[in-house]
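Per-chain residue numbering starts at 1, and chain names A, B, C and D are given in the order in which the chains are listed.
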Amino acid sequence: MALTKEQIAKRIAQELQDGFYVNLGIGIPTLVANYIPEGVDVVLQSENGLLGMGPFPFEGEEDADMINAGKQTVTFLPGSAVFDSAMSFGMIRAGKVDLTVLGAMEVADNGDIANWKIPKKLVKGMGGAMDLVAAAKNIIVAMQHTNPKGESKLLPRCTLPLTGVHCIRKVVTDLGVFDITPDGFKCLEYAPGVTIDEIKAKTLGRLVIADDVKEMAV
Amino acid sequence: MALTKEQIAKRIAQELQDGFYVNLGIGIPTLVANYIPEGVDVVLQSENGLLGMGPFPFEGEEDADMINAGKQTVTFLPGSAVFDSAMSFGMIRAGKVDLTVLGAMEVADNGDIANWKIPKKLVKGMGGAMDLVAAAKNIIVAMQHTNPKGESKLLPRCTLPLTGVHCIRKVVTDLGVFDITPDGFKCLEYAPGVTIDEIKAKTLGRLVIADDVKEMAV
Amino acid sequence: MKKVVSGADEAIKDINSGATILFGGFGLCGIPENCIAAIVRKGINNLTCVSNNAGVDDFGIGLMLHGKQVKKMISSYVGENAIFEQQLLSGELEVDLIPQGTLATRALAAGYGMPAVWLLAGIGTEVAEGKETRTFNGKEYVLEEAFDADFAIVKAWKGDTQGNLIFKGTARNFNPMMAMAGKITIAEVEELVPAGELNPDHIHVPGIYVKHIFQGVNYEKRIENRTTRKPPTP
Amino acid sequence: MKKVVSGADEAIKDINSGATILFGGFGLCGIPENCIAAIVRKGINNLTCVSNNAGVDDFGIGLMLHGKQVKKMISSYVGENAIFEQQLLSGELEVDLIPQGTLATRALAAGYGMPAVWLLAGIGTEVAEGKETRTFNGKEYVLEEAFDADFAIVKAWKGDTQGNLIFKGTARNFNPMMAMAGKITIAEVEELVPAGELNPDHIHVPGIYVKHIFQGVNYEKRIENRTTRKPPTP
């Protein structure tokens, strides 16, 4: 059975290592914060200028001056630091953020990603996504394996305007976990109840199955 | 009679305008701070990262963490601000400093300046001088008209390695006040007791005398 | 040194139709509410606005869009705004979408006197099309120009009569860079204090970058996306 | 997240002979006294040091020069140091003199992931010789590369266990940029506090840029040029 969004987030949380600085995009990536493993200390970066992003405030304690990149009200944690947008993207560009998790409309088997623009549809803008994908040393995409029409989002080449090129390392979908390798998407894990045949059927990009492919533990 | 260093500083202080941000170099320029005219409010910038540099501390109140670009102990004034060296030279480069006063070994009649290096002598470095002369919109040189050997320091071309090109607007020496114009040094004022003939004799660069040349008021 | 002005109307009085204005703020957080209101009152138009976002329908830069005062927006993200969409589709409004970090760094470059900067964002995408690119140490960068704007309008938490600014929390965002990047920078602050009351080590933008400053009034500080959690049961 | 180390010797243990090290400090103000002492104790050599100044004969980087540990200095001003002069004249020491703002901005570029920056300083002088120059808006700029250094060593006033740093007065100087520019940054602080004790709005360098941090001991904080005035007579 395909994973829920929460399960995708939970699986990605297993990639977190102690001491990581992590930027979580809007959507499923945001949920990753709820599943940080016990004993793993990570610091969340919000690209509007905050390191050490804490949880939502208690009702009645919202501060208009404390928001995250999704414009949600958030709080400080002990050890938080605030900085301006130039420094925020400076530290991203300099590779100081250890892991970025973001959503995508399409990922190609060469690591390209498209997640900001659909031609002929109203374009809202790329926000910080292009900066993040261009600079992060380690990017995981969290998304559904197929679009609402049932078409594969794991492609040989992106069809939508690109957000970044050759930048994605790993994709976690509702069907499985995939590394991006010179041979294309390499399936490392499949969701409980999902067959390799289903993954093959729903993956348009080049796909290889790892010799030690296993069921995802979520 | 040629001006004292204090008189040179006092004359330069007359160039200060209310609201100016001013960077004063080491030597005679530093003395300018002692002669800021009544009613003129200027803010001194020290390129090691201080706006609103105050006077030396009272004896016993020196703070090793509060120095100016000459490494002298200084104090804050109400409204001082501290910043890092990148911002300090950023604001200099962006032309936010209204006036820079600095010393020179040589000034050429095209506005070139040399003040950091004498070939075959030990070189200590340019410090912030090259940044300042390259970026300041308004630079006054404060110096003796001749070197210890009696040779003119106002030249047709600098003979020493340059600090900056076409950057000096005005020179105040112990003999007079000179604008740098397309015609060379234009003598606007002469020191009390100094003759135009003496200035002519001691100026190697192209020299023109202003029609309304007058005795300096110091 | 007279930086303090009476209020927003005096602060923006030299801004005329056709001006390019840099705005601080991220979403509705840290936006110069008083100056935006004054621009709406003044009714100038044909403005080019550089701002990470374009406000919402009835707040922030959205208010200026409502009066058709904006000719062009340079932003990274312009969602949450129906008027914006409508003016864009009708061709009344131009929009130049650029990556958020590029926006921040083009402002930084202006404030630090650097004419252009080499950045990573957009390489291989339409953002880098037609721009100079170059490989340094095996990575490709695109050359992006510093902003060149007559005015910057920012909002700080505290300021002093020398123009020094301190921001609070994530309301800092683009404000420091925009303040540094403007040829003429206007700062509105929640609290204006006499020179000497701010700790010099806490100042985020030194007064040298600020031309006019005033204490704003009636800050609404609207929250765009209020998210909370329940207090723990005692 | 284990950033706190026991002291200078542990903090610098991975620095070996031949390393390139960025140092914070201006003159003797804000220099990492404890780490310099530890480098002297460790006796490594062949170091390339990027520091605005080279200390004095018996303090600061001068102590490393004394032990002939430095192969090359990249600085803007190296006066006040007889050992330095002697090693330079004898050819034991290389020196690369660069403008102070160029030094600061090359460090900033490294910390902000920009490979090179266009600067004004040195145009028309020997500093720009052999370097690429370009005219933007009628002004000529020289392309200067970001520093590429294994280590940065800085000194702050206060720091916390997350590596966040706050500087005091003009001891800030080059410290923030060097902290941001190092691949591995070591910070010594006068006072190390638990995470949560520093106001997030007051932090000058966020901990993401700091790998090792410790509370230093026995700070001498020598004053290079003590200037005072007499108290007013009462």
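Going forward, a residue touches a chain if its C-beta (ideal position, glycine included) is under 8 Å from a C-beta of that chain, and two chains touch if they have at least 3 such contacts.
If you're wondering where the values come from, they're calculated on a predicted model, not measured in any experiment.
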By that same contact rule, can you tell me which chains touch chain C and chain D alike? A, B
B-D or B-C: which has the larger count of contacting C-beta pairs? B-D
Could you state the distance in Å from the CA-based centre of chain B to that of chain D? 28
Euclidean distance of C-alpha centroids - chain A vs chain D, Å: 36
Could you work out how far the Cα centre of chain A sits from that of chain B, in whole Å? 56
Got the chain C residues that touch at least 2 other chains? 105, 112-114, 119-120, 167-169, 172, 200-201
In chain B, the residues touching two or more other chains are 82-83, 86, 89-90, 92-93, 135
Each pair of chains that touches is included here, namely A-C, A-D, B-C, B-D, C-D
What residues of chain C sit close enough to touch chain B in their complex? 1-2, 110-114, 160-162, 164, 180, 194-196, 200-201, 203, 206-209
Touch list for chain A against partner chain C, complex: 46-50, 55-68, 70-74, 76, 82-86, 88-90, 92-93, 112, 122-131, 134-135, 161-166
Residue positions on chain D within touch of chain C in the complex are 105, 112-120, 136-137, 139, 141, 148, 166-169, 172, 200-202
Quick one: in the complex, what on chain B touches chain C? 18-19, 21, 41, 43, 45, 51-52, 76-83, 86-87, 89-97, 135
Contacts from chain D onto chain B in the complex sit at residues 26-30, 52, 75-79, 85, 88-89, 97, 99-105, 107-108, 119-127, 157, 167-177, 204, 221-231
